[in-house]
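Listed next: structures, encoded as structure tokens.
Look at the two complexes coming up: chain A is in both, with chain B in one and chain C in the other.
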Partner chain A sequence: MSAILALPRRIVRLPSMVLVGLTILTLVAFAAVFAPWLTGWGPEEMDMMYFLEGPMPGHWLGTDANGMDVLSRILHGARIDLGVAIAAVAIAVTLGTLVGLIFGYAGGWVDHVGMRVLDMFQAFPVFILALAVAAILGNSMINLILTIGFINAPPYARLIRAEVLSLRNRTFVEAAEAAGNSHISMLFRHLLPNALTPILVIAPLNCGWAILMLASLSFVGLGVPVPGAEWGAMISAGAADIVGGRWWTATFPGIALFITVLGFNLVGEGLQEQGVKR
Partner chain B sequence: MRVAAYVLKRLLLLIPVLIGVSLIAFFLIRLLPGDPVLLIVPETATEADIAAARERLGLDQPILTQYLSYVGGALTGDFGTSITTNRSISADLAQRIPLTLELLIYSMAVALVLAVIGGVAAARHWHKLPDKVLRFAALFGNSVPEFWLGLMLILLFYQGLHVAPPPSGRVDMDLAVPTHTGFILIDTLIAGNGKAFLSALHHLMLPVATLAITVTAPLLRSVRASALEVLASDNYRCAAAHGLAPRVLRQRYLMRQTLTRLPALSAIVFGNLLGGSVLIEYVFSWQGLGQWALRGMQVRDYPVIQAFVLVAATTYVLIFLLADVIQAALDPRVKM
Partner chain C sequence: MNTLLDIRDLAVTIPTADAEVQALRGVSLSLAQNEVVGIVGESGGGKSMIARAVTHMLPGAARMTGGIELDGRDVTTLTGAALQAFRGGDVALCFQSPRSALSPTRTVGKQMADRFRAHAPGGDLRARAVEAFKAVGLREPERQIDRFPHELSGGMCQRVMIALALACSPRVLIADEPTTGLDVTLTGEILDLIAAQARDGRGVLIISHDIAALSKVCDRLIVIEAGRIVEDGPTQTVIHAPKSNYTRRLIDAVPDIRRKRAVTDEKRGETLMVLSEVGVTYQGRFGRNRKPALAGVNLEIRKGDTIAIVGESGSGKSTLSRTIMGMLKPTTGRVDFRGTDIARLSFGRKRGLRRHMQMVCQDPLDALNPRMSVEDIVSDPLRLVERDAMRRSALIDRALTEVGLDPSFRTRLPHELSGGQAQRVGLARALAIDPDLVVLDEPTSALDVTVQAQILTLIRRLTERRDRAYVMVSHDLATVRALCDRVVVVDAGRIVEDGPTEQIFTDPKSPKTRALLDAAPHLADRPKEDA
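Moving on to the complex of A and B:
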């Protein structure tokens, strides 16, 4: 547990990158939670007076081709994008960690065969695998979360396995083994807590990728279906307006997407640098 | 000779990976709950129609037979026919791969040049202004959604400043040239049509810029890191302490040692580029492999999805092999 308990002490001297990132993410989370109360419009509510109108009082970021309020949709989009990304990364971390623990601890042929299978999955460019799986499974929210979760799991399995392999020869692990701990206790009380630290660094970066993956899938019509308020889907719908000079429908959701991913990247990279310095 | 033996050994090691890749591509389609044949036949099909379609597609055969005939076909370049357009998939691939390759190659080339110049400059001015500016740029490139960046570039340079062509086609409409290689820049040169060549460059400008920006970011960071490692290494510091001329130090020591690490990095980034090209082709209506695969995915044309996944993964694996071979040729320390 020492790795986790030591964390609060380290937070006190977090680098400014992490603080900026956390501030951004707090604001996005705030938008997600309070979305219904921040504008007068629902995310799929149409204003029959204004179709595809630029920013103006009442519709601060304009309306889209259906007369829906862009600001309201962006704020509600934070719920979907943040929610799907965090759920998917949670699945990826859990699945990857379990698999990595088992491979590293079991060793032998389990490890050997398992790693070859992971190699094969990693022979596919990530986004292309995501496209194919999303296309085949169909785009319900659950399927999207599962797809993004599964696809992001292999790196965690690798990471945890490598940690477990290096921990196996440490004295305290040998002592715990000699003291007659069961396999379950070895895995979850002695190895897992000590192998978790690198995951804390990768997970925020991964949340950023997961959001980009979801938005990209929606952008090409394989993610959240219209008229769902998801940033990538909004950009996709707005792309058609650009050539007519109506820039706001694609631009604003993209800024929201960019800033959120930036927030995760700032946190992840800041933590990474902290790790290097230690 | 040494290199040839090395390549042969690596190619043999590739076989199990490719078998695995083909298994995944084959069974991916069967992830689908239910019967693939129901995807193919129209909704009004009768039982007899379904049975006929099943037989026509070989889906009544045992699964192993199906897999073997699929692999046999793929090895001989026969990926079957699209179930929605009835066109030969191999013919579609042959027509579209050059368009995508053209985007990928130019973007990669631009990204490599930018990343090497930027990464080495950042390392030499470590923690000073150029380094900080470049780190900020890398952060931007890593965070910006590439498809949105493409749209913003269209908005700015086509819609706003009128310096870019509209986002469709590879040359201006009135300048079509006959296809020889499928690579538009080469085809326009063969045709000796300078105007079309310039027009093709003009049309390539924005999509290549978009892809290049997003892949430069991860490359830049890796080049910077490896240049920093070289700068701190004993042999570089020893050379510097001996008072070698700064130009010799920079070119023969810093550059050369940094560059030997580049092939492996580029191979990893190439995977991002392949995925990104699907999005960028969509944004710029570029009729390459990505657009073709995307259409297949939107209508669940499963032979198309299968072929695309297989081609993409095989390319990715071969790029890794190529990177390793280049690395081995560049770096005498690598055991062949």
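Moving on to the complex of A and C:
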């Protein structure tokens, strides 16, 4: 609780890297929220006058093969990409934290068996696993969020488990047990708040990867279905146009993707550096 | 005697985020050949800064003024190779925690050889290492030489550290808190060893918070308070006729082993706990059985008892206290609390026991959850019995007042507390629920002496009410004599002696007890008076 209350004081002392990252993410979030008011076109609205036209007044970033406004699609795409990424990471953090807490606290065979199961999940290359799960579940938005969330959970479980194991040697944990805390209050009052710091550092980095994963899934056709406005899907659809010199349909969503991932990485790495210094 | 090291008007300032901290102010001191000088003070007093200033190892941003001369040569301006030669060759440093000051990945013999190679090459390095280890009293040096630091005990590591420091026969040996974490018997041995190095023109500077231990080995004592020298003189003068109030406070705070507890002949209350034939064996890896940590322990604890469990580190006294608390399942025997064998209770039933027994831990700062406020910490055990937040809040206030803390401390976080305050919070947590049995695990060993005295006074006040039983684990016999009615001496997992305090102190039966009594720190040759 106190950690949250102390947050405003801490933000002032954050490194500039984090502040730049936060600024970028704020702008992207702003674009996502106010997308309908920032452009005159809907994300799936076709302008029958212009197909595959370059940037020009009215269509500042050009139109795609269906005559849809690229700028509008990018702004609306931010809603999907940011939303899916954050929701997926939230699921990954919650799930991983719970599992890691329980493994680390229970120890013994629960820990042994549990960790081997995690090993099994992590033995597959992440993207291959995502492809398989997405292909089996089908590509609804909820399924995408769940898939990306599940796949990203094991590293959090590992991280939290390691923290809990080292916390178990601290006197205050033994003291808490001797004071008569229940399992629940040992887990959530004493262990969790002290194990959470590394998670706060990894989670923003993970948001960046999640966006890339969503875009990659869409790129190979397992993500957001056409004509949904999602950056990966837009790049995928626009890739063919580049050959004909119509670079804008793929390049601009690519830039949006790049900037957003950069924002998350700046925040994550900045926090990490701060953590190292502490 | 010729002056060896001469420090004149030394001042060190360390800039922090808010202000500049004056770590040292106008410190002038000298060290003569063949002299042992002790620097005493409490933590945060700046005594370590002197050692760091001499060896150019001040923290990065620190600024230093004043003069430091060795044999009349100014050493404050040394750089590069001259500084390196000065550090190893003229002044050598023994660090506080020897185990972490030694490289964990090289055997101690190799580290010794490295040191020779750097400062005094030539000859058979291995043989020289064995010789050096023999000189500092390391047992079986031929065997220890191929071991890694983690395979050696704390005392052995400190001996290795001293051997390393002496490798190139320095003119000045500085030992910074060389006995922290060592038990009483070892503390004496190590200090004797360090002091014995003041020969052939070498001077020795020992920095410590333990004025009693220093008074036995030092020719001269220098007392530091808040970065200033408040007293400097021959040991006997400083101990028996201290000029400054601070010195007097330090001396008064040393618990006197000769001071008895006022014995009250009250009837002992109901039996709370009986340990019968308790044995604990920690399971080694791959099912290998190791030596038992406890064997055949019998103990009865009654309401109103104040029992001390005494022993050297590694003797099994912590294992015993944890078994009493039910934190550890004994391999054999029974631990009965009011007739139920607690060793075989489920976690849930054991929780129920916590309203009757509580524990206070050794390191007070580490024993408090760093993310919880004082009131949350104290309310922890209370939540077992009191569901109503208002009444719980009243109990928290009562517990804090009982241990001498203002209720305004409720919102503080552990890092905003001093060591003594943190230990008071630890006590408040244990007492809030009004338990029948309190286990105190070395409650003062991590505290400064003057704070120690305050906490002991508090504990004494609590025990004299005799409304519950206290079990105190300790290696400090002086506090034990002042506080406890009964002493249980543990050695190698067995109870070697158990009896009334006075009997044990005046007529010890076991040789182990006698050894512990002899090693107990007290001020050198202080006129005796029985209180």
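As a convention for this text, the second predicted complex is superposed on the first by the 269 of 278 C-alpha atoms of A that agree within 3 Å, B and C clash if a C-alpha of one lies under 4 Å from a C-alpha of the other, contacts with A are read in each partner's own complex, and residues count from 1 in each chain.
Everything that follows uses one rule, which is that a contact is a pair of C-beta atoms (placed from the backbone, for glycine too) under 8 Å apart; a residue touches a chain by one contact, two chains touch by 3 or more.
This one's a predicted model, so the numbers in the text were calculated from it and none came from an experiment.
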item: Touching partner for A:175 - first (chain B), second (chain C), both, neither; value: second
item: First (chain B), second (chain C), both or neither touched by A:160; value: neither
item: Touched partner set for A:101, first chain B, second chain C, both or neither; value: neither
item: Comparing the two partners chain B and chain C, which touches a greater set of residues in chain A; value: B
item: Partner chain in contact with A:129 - chain B first, chain C second, else both or neither; value: first
item: Partner chain(s) touched by A:183 [first = chain B, second = chain C, both, neither]; value: second
item: Partner chain in contact with A:84 - chain B first, chain C second, else both or neither; value: neither
item: Contacts of A:208 with chain B and chain C, given as first, second, both or neither; value: first
item: Chain C-contacting residues of chain A that also contact chain B; value: none
item: Complex contact set, residues of chain A against chain B; value: 116-117, 119-121, 123-137, 208, 212, 215-216, 219-222, 232, 235, 238-239, 242-243, 245, 247, 250-251, 254, 257-258, 261-262, 265-266, 269
item: Residue numbers on chain C that touch chain A, as the complex places them; value: 325, 327, 347, 351, 353-355, 358-359, 361-363, 366-373, 376, 380-381, 383-384, 413, 426, 429-430, 433
item: Of chain B, residues touching chain A in the complex; value: 16-17, 20-21, 23-24, 28-29, 31-32, 139-140, 142-145, 147-148, 151-152, 154-155, 158-159, 166-167, 271-272, 274-276, 278-279, 282-283, 293-294, 297-298, 300, 302, 305, 308-309, 312-313, 316-317
item: For the chain A and chain C complex, residues of the former touching the latter; value: 2-3, 170-172, 174-183, 185, 189-190, 193-194
